[in-house]
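A, B, C, D and E are the chain letters, set down in written order, and residue numbers restart from 1 in every chain.
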Amino acid sequence: MLLNTISNALSTLSEPWWKVFYDFSSLTRGIDEGLRSSMSEFWAVTVEMLIIGVVFLLFYAVIGLFLVIAERKVCAFIQNRLGPNRIGPFGLFQTVADLVKLLFKELIPIKNADSFLFNLAPYIVIIVNFMVLAALPYGKGLHAIDFNIGIFYVIAVSSMSVIGVLLAGWSSNSKYSLIGAMRSGAQIVSYELSIGLAIITVVILAGSMQLSEIVEAQRTGWFIFKGHVPAFIAFVIYVISGTAETNRGPFDMAEAESELTAGYHTEYSGIKFAFFYLAEYINMFIVAAVASTLFLGGWMPFHVGNWESFNRIMDFIPPFFWFFGKTFFVIYLIMLFKWTFPRLRIDQLLTLEWKYLLPINLVNVLVMAFLVLMGWHF
Amino acid sequence: MEEIVKEVVIGEQEEYIINMGPQHPSTHGVLRLVVSLKGEIVKNIEPHIGYIHRGIEKMCESITYPQIIHLTDRMDYLSAMMNNEAVCLAVEKGLEVEIPDRIKVIRTIMSELSRIQSHQLFWASYGMDMGGQTCFFYGLRDREKILDIFEETTGGRMIVSYSCPGGLMYDIHPNFQKRVKDFIKYFRGVLWEYDAILSGNVIFRERTIGIGTLTLEDAVSYGITGPSGRASGFACDIRKQEPYSAYDRVKFNEVLYTQGDTYHRYLARIEEMRESMNIIDQLIDNIPEGPYFVKMKPVIKLPEGEYFQRVETARGELDVFIISDGNKNPYRVKFRSPNFVNLGVLNHISKDFKIADLIAIAGSLDFVIPDIDR
Amino acid sequence: MSNEWLILFFLVGALFVGLVVVFAGLVAPQSTNPQKFDPYECGIPTEGVTWLQFNVGYYLFAILFLVFDVETVLVFPWAVVMKDVGITAFIEIVIFFVILGLGLLYAWKKHALIWE
Amino acid sequence: MDKTQLGEFVKSHKPDATVTEGRQYTEITVADTELHSLAKILRENEETLFDFLVCLTGVDYGDVFGVIYHLRSTRHGHMIVLKTKTSEREKPVLNSVCDIWNTAEFHEREVYDLLGVKFNHHPDLRRLFLDSSWGFPLRKDYVDDINIVSK
Amino acid sequence: MNSIIQYFKEIIQGVGSLLKGMQVTNRYFFSPGKIVTQKYPENRKDLKMFERFKGEVVMPHNEKNEHKCTGCGICEINCPNGTIEVISKSIVTEDGKKKRVIDKHIYRLGMCTFCALCVKTCPSNALAFSQEFEHAVFNRALLIKTLNKPGSQLMKGVE
């Protein structure tokens, strides 16, 4: 019956099926109307919820697994290696095999650990991931929840995942984990600020906190170009502090494998460890997705002034792919950071934030405000 | 004499004691450091060693001199060539054999290649200690080329057993000179990457400059030799002080710094790679013709006496001290291994730094644990 | 879609973790070796208590963070309406930022920004 | 100073010491009670200034234990060998030179570990490599049927 | 003022050094031709060890199943850790003389340290190193090998 309604919805579309990639709103509207017409409102909402839940679960799993293999391949190529190459073509299914392996591994309860918090920590990091993913605009009309304070919500919720890390480290009853947790605590009290201020720069330009409106405001040009130098500085600061927020190298002090063996997730085994691992990658995706939404125009294609033919070719690429292309570009940048730089020390981390990023950011916000006031942006 | 042994107090109660090692990614083997912390600040370090103590000195007392060589490979496995050479030089000194130039020059080239590959591995693993995993692969990639040269000539990559009392096990392979020259050319071309990725990196510099400073007085008093000592200004290069093999006929600079911090210990090794390449450049084209082995008696018996040979390995001064009673087995063999002595300074220089600094400092002293434990 | 839908995503996340953990608990082996349950400390039994009170010097940072984070929250609504309100908003925020900047400078000069 | 001058220098301070010109270095044999004071003189005198303890070796001579110190001066570049013997085999005790050269701390611990020679005034004299249940493996009369395979 | 210039100089230098490192890694990412690792079991066919590679000690036999080992035991004496054991037996040759020949030349690969002393000191060059490097077995007893093949004989002319 469900398939029937979907095919009905698809047949009601006025355009060919591939046009869906250009605008998802007609598809979603079609499904919604189809469901409502064939059943009561309660059931229609329930089925919609089921669809969305399953879609996001699949999306989550695919993105997570893909990013893990992508990271392993990227670092392999950077390091003159082949990378995983055994399972599937070019080792593409390596992560699936790893996941299955982790699923069948023993979950070791640590002696004297605070078992409630110990088990709670993975829930926190994963739930936070899902709640942020819900608010991102993936393409035209492909937006689960469009808050009017979207970007504010994203930074507020995404910083919650550090609580998961803190809990994991603290509850493990391991000294390495505890130090890792303390370090992640220091990280949260720093990089939250930079992200906030970098985003404020964009909000000034867009005049809105709603993600769909921010994307829409970039129809005439991406903010990174529109906002001149301040927008670029804000982008750099955002990427740096985003990397720090996700606990990735070179800011991976909380796990610092050469100092704390594995930091906060030393004691986690099997699938519980996999959650942290997965969450790290989804967090990276979130940071990159937000960066591409705010600075690189989200799903907006790349346009150059009045080169009509060029712009038409760019329009031909569906917005959906524009979004993921930009996101993966930022992800590649973040991966390149991790595989190039040595790890910072905890006091350098704080110095970087408080003595460099924060003052620059404050001035940057003022400069941007001045530019907008004068109308000097494009 | 009366017996006065101080009572030992292990740590204080309010300190946070963490075991680093033996199963730790950055102790490079089975070194165990019991670290007392205050917050993240290291207050005391107590090295516990001996996890792989094999009693090489004791074993040497029951085997003959040529057989000792294969044990020395296993002390500082990254300086195996120099370790072999040290024992051979001591034995040859005792027998008063005249060693042909060809052997001397080949030994010198091999030692310098060995030094380069050791420093490459240092660079690789140090990068990894600092969190930049890519360094590890670049370092090992370049090191493989030297190991291939070794393997072609000696049949072994790390465990070479190349020198033997009276000369060398094998003559150099016909491709040897060409391969070495190719390697030098290649390595000169990629050495700038080492600087681009690590030495010049602002994060790395901030993490190492001014950390774990060792003064000249302490370096001498603690007997820190090798690049670690020279970074503090301690001119301890035995290749200059007591030239052995062909070191008296090559020109090279002793890499000396005065700062003595972690960064300069690191830098000294990078510069030494350049100096080693210069030495090889001077020798590789003029390997004299001649035999690669001096005919020795089938059973080597050192005349009664004491023989002391100092050799500069990649990590510092290796002394071989042989006491012979005239038998085919030595009476007592002592290896003064550089790592063992260098370990003694770790507590002194890493006090009051952070855990991350401890890793940086320990890494910059470049321990090879089998050499500590012997 | 309305904001109440967030509950859905909360539930999806929780169910995802819960179901997978339950599944793993069913299929994963159980060990009987008591040493396996020791916390990892490089293969050596832990000395002393793990949850010891110890000094991590981010108290000052936490306070500074509070100050600046509240400020960021205040600036967000300003940023949205900045364009419409115009020059008044700009002057106000300059004053606001200058005061904040002075605070940061004060902390800097007082060496509060040094982690110990 | 060259080899003979070093010998004369030591003779002038410690008339009881035996000075032999060895193959490589001047070798000085000194009583265990005299060792520490002689080491201090050699370290502190401006003409000798032996500030680098190159090597410290413990030897089992059968009836007694000996410890051999190889010293080097970083300024003058000369080397000297000090030798001393314990007075007995049952309870071998020597004076530590840790206060003169820091590096002796580890060396002496090693000698204590492997030969059982105790060093007075050593700040932290414990077994270094081995467990306390082990014997002293570098002694000539050490037997270990399990770990030493003899052909 | 100076300190402000210094501040910005530091930032520019720092960012510059970071970009330099990223340039290197980025370049390697986009040049897959520089990959140095190999797929090991797949490249077995064209994997060639160096001729002097010390894989394991073997006793070369010629096509008539003859070896050169006289059973003198010099390799056994020279082996530092008892890897080699030469068991000889006495036989009566055709012309009625008693002669000692090897019964078994036992080589314990698990103990061998590849010091090459046996190969170098053998007076009749009976031993050599093979290029074989895949030694993994499931049973440790399989690492104890008898080097002379069953029924093999001493090569003519070797004393």
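Quick notes on this structure:
What we mean here is this: contacts are C-beta pairs under 8 Å (C-beta built on N, C-alpha and C of every residue); 3 or more make two chains touch, one makes a residue touch a chain.
As the structure is a prediction and not an experimental result, all values here were calculated from the model.
Looking at the partners of chain D and chain E together, the chains they share are B.
Put simply, the chain farthest from chain C by mean CA position is D. Here the chain at the heart of the shown protein, by mean C-alpha position, is B. Look at the CA centroids: the one farthest from the centroid of chain A belongs to D.
Of the two interfaces, A-C and A-B, the higher number of touching C-beta pairs belongs to A-C. Averaged C-alpha coordinates put the centre of chain A at 65 Å from the centre of chain D. Chain B and chain E have Cα centroids lying 24 Å from one another. Centre-to-centre separation between chain A and chain E, using Cα means, comes to 51 Å. Inter-chain centre distance (chain B to chain C, centres taken as mean C-alpha positions): 45 Å. Contacts with at least two other chains are made by residues 41-42, 56 of chain C. Touching of two or more other chains is recorded for residues 78-81, 175-176, 182, 261, 339-341, 346-347 of chain A.
Multi-chain contact residues of chain B (touching two or more other chains): 16, 18, 24, 40, 134, 141, 197-198, 201, 203. If you check the complex, the residues on chain A that touch chain B are 75, 78-81, 175-176, 179, 182, 249-250, 252-253, 256-261, 339-348.
On chain B, the positions that touch chain E within their shared complex are 63, 66-67, 69-71, 73-74, 134, 141, 144, 148, 151-156, 159, 161, 169-170, 173, 193, 196-198, 200-203, 205. Contact residues on chain B toward chain A in their complex (touch as defined above): 16, 18, 24-26, 40, 127-134, 136-138, 141, 197-198, 201, 203-204, 206-207, 354-357, 359. Residues of chain B touching chain C in their complex: 11, 13-14, 16-24, 32, 37-41. The part of chain A that touches chain C in the complex is made up of residues 49, 52-53, 56-57, 60, 103-113, 119, 122-123, 126-131, 133-134, 144-147, 152, 170, 172-178, 182, 185-186, 189-190, 192-193, 196-197, 200, 203-204, 207-209, 261, 266-267, 270-272, 275, 346-347, 350-351, 354-355, 358-359, 362, 365-366, 369-370, 372-373.
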